[in-house]
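Shared chain: subunit A. Partners: subunit B in the first complex, subunit C in the second.
Now for the complex of A and B:
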């Protein structure tokens, strides 16, 4: 549980503060996109591929749309997809891991088998398979990311449960007649939450990479929705004549992933005392 | 458990996993909303073609018969059906593309280990120096840049600005050495992410090993610093590095798909992406299957290598 001592380390962790600052800024940009963006992100101007100027800070794309405005609105897709898909993955992965780890035996074998099979596809290939079969759009991209990350989260939770399960307080609670679900929620979950929090944060960063990769392949949000991966895909065709089209979204994806990674690493430093001195 | 028993056990477990993978692939075509044959051939397709595809995919049979047929076709004949786009067997198309992907994956892994171990070792030796901080920045950025954007950045900088390399990757029309030259940028792009992970692991691992008793002993006996680092420390520090490279091989393999697409390399990844664009479902299934077979095999290899390198670890 978070104590005062933790908050002090929290403030000292530069990684964590930097990561948090990046993410809070991104969230604010996404919320207030309508106020920040100078133009409508899908409105077309008759002068395409204008270089950056005072009128269009980051230039315009091949349809004459303002790149800066599309960039601002693109943050919405990125954050929406990563939080929702990893949220759903946690919703399914957490109970899977808890049940597998706590009950062991045949239940564990069955769940672990499903986890192992889903993990024998590289994440991006599993998501390509699912979006290709279900049809390329934002919802299916999110669904595919959830499917790819559920086994990853379940496996982490399971490992965590296995290490907590033999602790005295769990054994004591069992001896006093505590029910399975009560022990899981009251004792095991709170003591497994720290490493899970770190992994979920890092997974959010991976989800940003996967969503932008799918969008880059044209398998996520469809035009004219402004999404960073799609902006790079379009910009790539004009790499000689309008390189500004892809540079800004590329940097933004990197910054977003960086934010989640720094926050995750920072959390790990704070929550895992064994690593603190390394 | 002896090493050979362990290897056999892992291969058997791998075979069971392959069954699971095939089951997922079997259901993947049935996941398609609507009639997959109509979707694959388009609305204007003539009924004979649709009926032919139904028959070929076995969609006219009961589900359990379809499953048995699918499994026996794949396992007994290596047959994933024919590609819809050019009517060649899907596996034949894969075999002609596989060398590019394997070369990219092998070069990428090699470069990742090289970059990671060198950068990680330097960072550990020069701990808390400017070089260490620069390497840390490289590590954090290497984690965060999406591989497809890194590939494009390399093209922009090395190909368009410096003109050192061609924009396109290797292909069937170039002589061997020209292809090798064209592999440099794509392999480097594939390698950076895993290189960063490896560098961080190497750094942490060497710093930990340097405090071990046998290093103290070596130093106390007056062994020169370079010998302590390269002979005693590095050898032991590399064990976790093997694991980390193995664990991240999946990400590297996924990276090859995007990098092949960026550099226009005619490998398995571009075949998959083309198949997706053309809704060539049998080709998608077969390509995904080969990717996961590669992935499963490398995982087994890494586990075996790991136990071989560190006999202290029990085989389970």
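Now for the complex of A and C:
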């Protein structure tokens, strides 16, 4: 009964359904890339920069590789990096924010200080800095994105905790003798999770952009691994002679980010009880 | 002295407020400033006063939510804040609190059956059937078993307050602190909740500290009344005595402020004038003197002692000092 009611609310949000549809398709494409892609994404057919044709749906790049196949395989890197790095950021940011917000005082000051320092760098600058220092590869790109987003997640959680911990049911639970961890896990976390979910979804979208930017700069996955940012970088040089090389991955990045943002906005509509019809 | 269930001795709760450059100077907001009273087993003590008089703070200190700055709270002669660990927890379980707003006192993400037995779970009571206890309690407060699997948002304010009462009863408490339990509810629902609390009090021989600013509610439910003003108790006595022949000028003004439902009888005389004092900066001497109609010379120089005029009727006022 409750489940059906929830499903109805979900179905009401067109944003959420659209975003979800886009992301599910992307995930399916990434999983079944081997079956969808007509060519090996690394194989060259020695006829570079062919325009789109029935043989090569989106043409070939400067090394004669099939752009469509590279696009399909490129979704793997994009999704893998964004989910894993934001997952790690949440894993660290969530307890940081929870502890800072709940205990307050010196603990909060220390954690907030670290958060503020990290937040004073724009995410893209911070990630470039870290990957440039540690060396350009996929692992370091993910690591840098995690570092950039951990303080963002922590700050959102902290703000939520600060408002939830003043609720009477938390005060009541403390009066009953509830210990810190019990109250955090039983009362504060479940009541803070909704806005966090929205922010994590939006962060996934930002992570897609940042990963693509790093790849564009050659700081993420190294060639010949197919990735959308790297494809744009290669296409940039032939923008007048072979515009398909750059346009196709550009559109895919847009669609992926749009998917995450629509899902995030949709979730916000659904999860915020103030916007929900009674 | 007879052994009381609860004895509060010179309770003080100050809040620190940092002011000035670099927060160097500290100011204290004296929310509760030397309050003593007792509650007997099976007795309802009504605590009245204006907003900001410190009545909720007294309740929270008793419930163990706010640590008092000084003073003692004795539960069956055990000093609540001197006890440690397990023993303190056991004593605390004998006191439960019902909050004013039932919309924020129940966790929206918990089922009713979990909310009701939460105090027991926290206490770590083993080998008991939580579901059976929840079933028993929910029926005791006039709801039914099929409500147990629902969430708080599916209930009305009155029903939520019933759930909060069931939760308070789960540990078999001796004292329930009711912090304006009816003031967030519709008038028709208020009566139901009051009747429920009245019935439970009789049935389980509970004691209540009933905090309210509604004189009608206090008259109905309490055996004795304590009147608070700016962090001090100004008058304590039997409900009948205090409400029908109040002695302290503040209690008198407070009772005159109760509206009467007859426009012809509308009172012309001025009721309590002015604002309650700033608790960070209370007036010297008797705290009520700037608003008092019977102000004397001594009132702004010295603080009146508590005196007992009749047995059990105590007041803090110079008007009755020589008697």
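What we mean here is this: the second predicted complex is superposed on the first by the 268 of 278 C-alpha atoms of A that agree within 3 Å, B and C clash if a C-alpha of one lies under 4 Å from a C-alpha of the other, contacts with A are read in each partner's own complex, and residues count from 1 in each chain.
To be clear about the criterion, a contact is a pair of C-beta atoms (placed from the backbone, for glycine too) under 8 Å apart; a residue touches a chain by one contact, two chains touch by 3 or more.
What you see is a predicted model, and the numbers here were worked out from it, not measured in a lab.
A.B. asks: Please determine, from the superposition on subunit A, whether subunit B and subunit C clash or fit.
C.D. replies: On the shared subunit A, the partners fit.
A.B. asks: After lining up the shared chain so the two structures overlap, which partner does A:182 touch, if you call subunit B first and subunit C second: first, second, both or neither?
C.D. replies: second
A.B. asks: When the two structures are overlaid on chain A, which partner does A:134 contact: first (subunit B), second (subunit C), both, or neither?
C.D. replies: first
A.B. asks: Quick one: classify A:106 as touching subunit B (first), subunit C (second), both or neither.
C.D. replies: Neither partner.
A.B. asks: Calculate the angle at subunit A, using C-alpha centres, between the directions toward subunit B and subunit C; round to the nearest 10 degrees.
C.D. replies: Result: 90 degrees, to the nearest ten.
A.B. asks: For subunit A, which side has the bigger count of touched residues, subunit B or subunit C?
C.D. replies: B
A.B. asks: Rounded to whole Å, what minimum CA distance do you find between subunit B and subunit C in the overlaid structures?
C.D. replies: 10
A.B. asks: Take the contacts of subunit A with subunit B and those with subunit C, and give the residues found in both.
C.D. replies: none
A.B. asks: Where on subunit B does subunit A make contact in their complex?
C.D. replies: Those in contact with subunit A are residues 16-17, 20-21, 23-24, 28-29, 31-33, 140-141, 143-149, 152-153, 155-156, 160, 204, 207-208, 250-251, 253-255, 257-258, 261-262, 272-273, 275-277, 279, 281, 284, 288, 291-292, 295-296, 299.
A.B. asks: So in the complex, which bits of subunit C are touching subunit A?
C.D. replies: Where subunit C meets subunit A, its residues are 63-65, 89, 92-93, 97, 99, 101, 104-110, 118-119, 122-123, 153, 167.
A.B. asks: Per the contact definition, I'd like the list of subunit A residues that touch subunit C in the complex.
C.D. replies: 167-169, 171-178, 182, 186-187, 190-191, 273
A.B. asks: For subunit A, which residues are in contact with subunit B within the complex?
C.D. replies: 113-114, 116-118, 120-125, 128-130, 132-135, 205, 209, 212-213, 216-219, 232, 236, 239-240, 243, 246, 250, 253-255, 257-258, 261-262, 278
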